[in-house]
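Chain IDs A, B, C and D follow the sequence of writing; residue 1 opens each chain.
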Amino acid sequence: MIAVLKGGTTAAQKENLIKWLSAQGLTVHVSEGEYKTVLGLVGDTSKIDMDLLSGLEIVDQVARISEPFKSANRKFHPDDTVVSACTSKLGGGNFGLIAGPCSVESEEQICTIAAAVKAAGATFLRGGAFKPRTSPYDFQGMGAEGIELLLKAKAATGLPIVTEIMSISHLDLFADVDVIQVGARNMQNFELLKQLGRCDKPILLKRGMSATLKEMLMSAEYIMAGGNEQVILCERGIRSFDPYTRNVLDLAAVPLLKELSHLPVVVDPSHATGAARLVRPMALAAAAAGADGLMIEVHNDPMHALCDGAQSVTPDQFAEIAKAVATVRTAL
Amino acid sequence: MIAVLKGGTTAAQKENLIKWLSAQGLTVHVSEGEYKTVLGLVGDTSKIDMDLLSGLEIVDQVARISEPFKSANRKFHPDDTVVSACTSKLGGGNFGLIAGPCSVESEEQICTIAAAVKAAGATFLRGGAFKPRTSPYDFQGMGAEGIELLLKAKAATGLPIVTEIMSISHLDLFADVDVIQVGARNMQNFELLKQLGRCDKPILLKRGMSATLKEMLMSAEYIMAGGNEQVILCERGIRSFDPYTRNVLDLAAVPLLKELSHLPVVVDPSHATGAARLVRPMALAAAAAGADGLMIEVHNDPMHALCDGAQSVTPDQFAEIAKAVATVRTAL
Amino acid sequence: MIAVLKGGTTAAQKENLIKWLSAQGLTVHVSEGEYKTVLGLVGDTSKIDMDLLSGLEIVDQVARISEPFKSANRKFHPDDTVVSACTSKLGGGNFGLIAGPCSVESEEQICTIAAAVKAAGATFLRGGAFKPRTSPYDFQGMGAEGIELLLKAKAATGLPIVTEIMSISHLDLFADVDVIQVGARNMQNFELLKQLGRCDKPILLKRGMSATLKEMLMSAEYIMAGGNEQVILCERGIRSFDPYTRNVLDLAAVPLLKELSHLPVVVDPSHATGAARLVRPMALAAAAAGADGLMIEVHNDPMHALCDGAQSVTPDQFAEIAKAVATVRTAL
Amino acid sequence: MIAVLKGGTTAAQKENLIKWLSAQGLTVHVSEGEYKTVLGLVGDTSKIDMDLLSGLEIVDQVARISEPFKSANRKFHPDDTVVSACTSKLGGGNFGLIAGPCSVESEEQICTIAAAVKAAGATFLRGGAFKPRTSPYDFQGMGAEGIELLLKAKAATGLPIVTEIMSISHLDLFADVDVIQVGARNMQNFELLKQLGRCDKPILLKRGMSATLKEMLMSAEYIMAGGNEQVILCERGIRSFDPYTRNVLDLAAVPLLKELSHLPVVVDPSHATGAARLVRPMALAAAAAGADGLMIEVHNDPMHALCDGAQSVTPDQFAEIAKAVATVRTAL
């Protein structure tokens, strides 16, 4: 860690600070510049509160040299993590194709879609039972019954299921779920992350609307610090200034996260763009950028059919996209 | 609600959509333009899923005309809400001054600061017992013990206390807390909001890092829909592109929120700027912009004293700020 | 265009506004809702000032139904524009590979790189002669001499050259330049755009740091309104909140711009990411997303060689990237 | 300047880099950490290209310790700059009130408004003659004739005039203008800034839509490096993610810019919010935050009158705002 002191800092102030830092167990290297002084802090700086240090009147800036995440850090775990559920693997060269409807609506719906996406090559079935909705008056999902229906679809197809948890008080209902999803709005619900760190299921962690990559990795670290090392990172678009699309899909996050961490990285082009017609080009781009998998919304309900298309893609469109993605991956 | 259909939509497609909308209980006004068709939807549109509608292939754009929040809406509740705790009031002309340390650290610390901020005019004592930290390795707060210490400071000063909740499983510990704070990272932790909607304590709801004003009001609505109408909105800075300050304090949010809603609006200049020297100008600006209160971090710990200042202001600085704020409010 | 009037608007106010709108040559359709009134404005609304209209006290919101750009609009020009320079084409199925150094530094440098990128498949040579630098004390480019050197490299390789203009007063120096680039910082330098609209050379228009897609198309429209229809759009990353990378590359802009407009769209992964090691994955992703071309920084100067790599890629890395891009394009 | 080298950098690589840095005239202090090496660079680092350095494969991060702006830097010029025009002063305790219409429309309009704002306490008259418009089809201003009319209003009232320049080729028309404005879209039109650095008139420099404070100061530096030290900085709102207001007014920019620089800082609440009803609270907040002046749009045209208000405030509203602002300033 480096702390830069402002010009005009007195010798006594410097000495006080250095004494305090040394008392925290750090070795302090002092380098005097023309206008400012730089302190190089060597030792276990993970316990130093950067905000506190940078808030000191005499401190101009503080920079961490080594990242504060350990378990998620590729530096200390060079090999790719492979997440397994049933017979499906994701990461370390295993491409995961997670597909299914936004919400579970009925047994027929989820079983039909599950069969269709499996036939098209999906390796995981997704479906929302508990739905985070901006408005309390919007449909909040089928809840426990939705999970029951997902399990029926799993029984029928053999696909492991991925579904979102919104409160740790629901954890019992997730006993037979294969992969638990943490949504963007809960990426920094630290109490939830801590509890999930104590369970033995893979966690799919979505990036918060305006989370930096390092914040996302720190959230993964919350889970891993509890002993659960099966974390999948999911880029799903970030908030930006152009109202023309719902979010901006940040595909450079794929190689960057894979460089910083050994955890697998998947991309959700459906939520990122909010438009069915953009799912295909963004899915291909994600595959080309090196993603370990994709998470795609697929529906077949009549309302959509009625109007020839909607935000989710149809099973046929999904099959075509899966084929094109495979072509890109084979080519590279 | 208005839905604009794309040019090239066929008569059959239009008819199908109108039939479906009518079946939802809406009256549909059709207005044909040169290139596009506009549908005006009249009736209870709060149940229509905007995302679904706008995702339809034939729909170009959708706009809500009436806001989807009801309980928080000034239109239906023109009078200012006044939140009360002990003898302190906030809103409707009652200016609230919420002050205290970032974290509760010891009985001596919290009681000393409580006495000092009370003497300077504070009407609420704040202090963190459960702390949301980006890193799992950072200090997470004193927890239950921190709340005990806050209650001692309350007993000594009579100031009602404000402290953050991070998990509904901790609710029992908050039995004697006066105002429960929901932090920025939990603004869309909908399950937590729902539960807090069933308790009878005022909730201080902080704006999420990249939450729009309407999303913030929808989160207030989650609480109010459960029956708890004592909600205080708190602007605490939003995320932006300039790394030079931690956040951007969005002061126009004050008049805008007060226009849209009857709920009181307070401003937190400490978290918004991350710099003690900016607290004074931003506190004055917030008061001038019409805020119903301020939330300010005040400390007196030796580490800070050691280096002559830090992110929080000292009790003396707070007293001076409180006086200047009162001057501005009297002048206006 | 649609204007939504607030609830509480009086009949006299409505009548006044409708009279004024009619006087502008528009037909006004009135649709009365429960709380609000919607005016559908039919006719040539391109002359209506949206800001003025939406600022009126009685107006709640205004939305354009037809886009205000005409010449750049695919709706009116369904066929892809193909931009030609020397024997190179870009757009309409012709993939353009624009490569070269950030700045022209010497004859040897530019000619060596030009030969190398040509051998690797580049179809245009880029190189900065006038450089927009944040600081007035940074190197501002070789200016006129830089253009001379680019022309020598063109003579040697036959590659058409692309270089940035920063002031219309330099236009004479660009007489033999093949494609004139407008940088991100000048995307809304409207006087420059107007002048370039009167010249007969292709213009490569880079997206501004925080420009929406529609603003970018309006800037293209400034050029096209002057008669110059040879415009290439370039996505080069937008500003966001994560300091970890320089910009966020918005690849969904590729399909979206191509949907809205017939102009070719290229992607600059070098400026978007600021990191040589991210150029390859983002170049592949851009190709997979359907870009009409790429703009890549390639260098070979000793300072870079000294430290084994830098922000630009080396000629060898470029050759490998060009091959991988071709593989992806062939596969799709 | 500090450069942090990655772990794994070889001794030979380090030595090469240090040799190269020394050759640039810098003294290099080396500090070896457990994982990384920190180089402290002492000497004139303003010529070192940060982008180049940070792009090197072996470099992890680079931070400037001393700011790259000199002329605008308060560190080297502790006293406030006072900008003068006619008998009006701005900065150093002189509060400037710049008011007038968005666009000059007619002699009657500009002279009427000028008289009204002067009576209310304005010290400068603003009015657009050349208008930057997103669309080439929108009204582009009256141009030279607009400046003529502003000069008539100046003759009638004695108020110095402020108006925007969009191209250096128009400079002759600005011979009698008192303060030349550079708009947000041209904040990084470096060629324009350089030319304005050679003229002897005060320049009002507006912050770009997504410009950081340091970028804004570097743009001021472009003007000052040419010899023109009369620069006024103007905060006018930045681009953010909430479509509910046009921009986010960043009022912390006021104390921050005044800390970094000796130049006066004014705030434009009209453009920042795009809503007349928000001008008053934001003007008061700006004054409370310590701004050196305000720039406010005032109109009196019949279209606005027709509908009882619009984006600009009326002369009466302006007079009331000016009075309230004075009250706040007196109180503090």
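Odds and ends about this structure:
Here is the rule we use: a residue touches a chain if its C-beta (ideal position, glycine included) is under 8 Å from a C-beta of that chain, and two chains touch if they have at least 3 such contacts.
These numbers come from a predicted model, not from an experiment.
Of all chains, A has its CA centroid at the greatest distance from the CA centroid of subunit D.
Set against one another, B-C and A-B show the most C-beta pairs in contact at A-B.
Centres computed as Cα averages put subunit A at a distance of 31 Å from subunit C.
Centre-to-centre spacing of subunit B and subunit C amounts to 39 Å, using the average Cα coordinate of each chain.
Each chain gets one centre point, the mean of its Cα atoms, and the points for subunit A and subunit B are 26 Å apart. Annotation for subunit C: residues 210, 239-241, 243 touch two or more other chains. Those residues of subunit A whose C-beta lies close enough to touch subunit D in the complex are 2, 4, 7, 29, 31, 33-36, 38, 40, 42-43, 60-61, 63, 65-66, 75, 210, 239-241, 243. Residues of subunit D that touch subunit B in their complex: 210, 212-214, 238, 240-245, 248-252, 254-256, 259, 272-273, 277-278, 281-282, 284-290, 324, 327-328, 330-332.
Every residue of subunit D that touches subunit C in the complex is listed here, in rising order: 13, 16-17, 20, 46-47, 49, 51-52, 55-59, 68-69, 132-139, 166-169, 185-186, 188-192, 194, 208-210, 215, 218, 221-222, 225, 239, 274-276, 303-304, 306-312.
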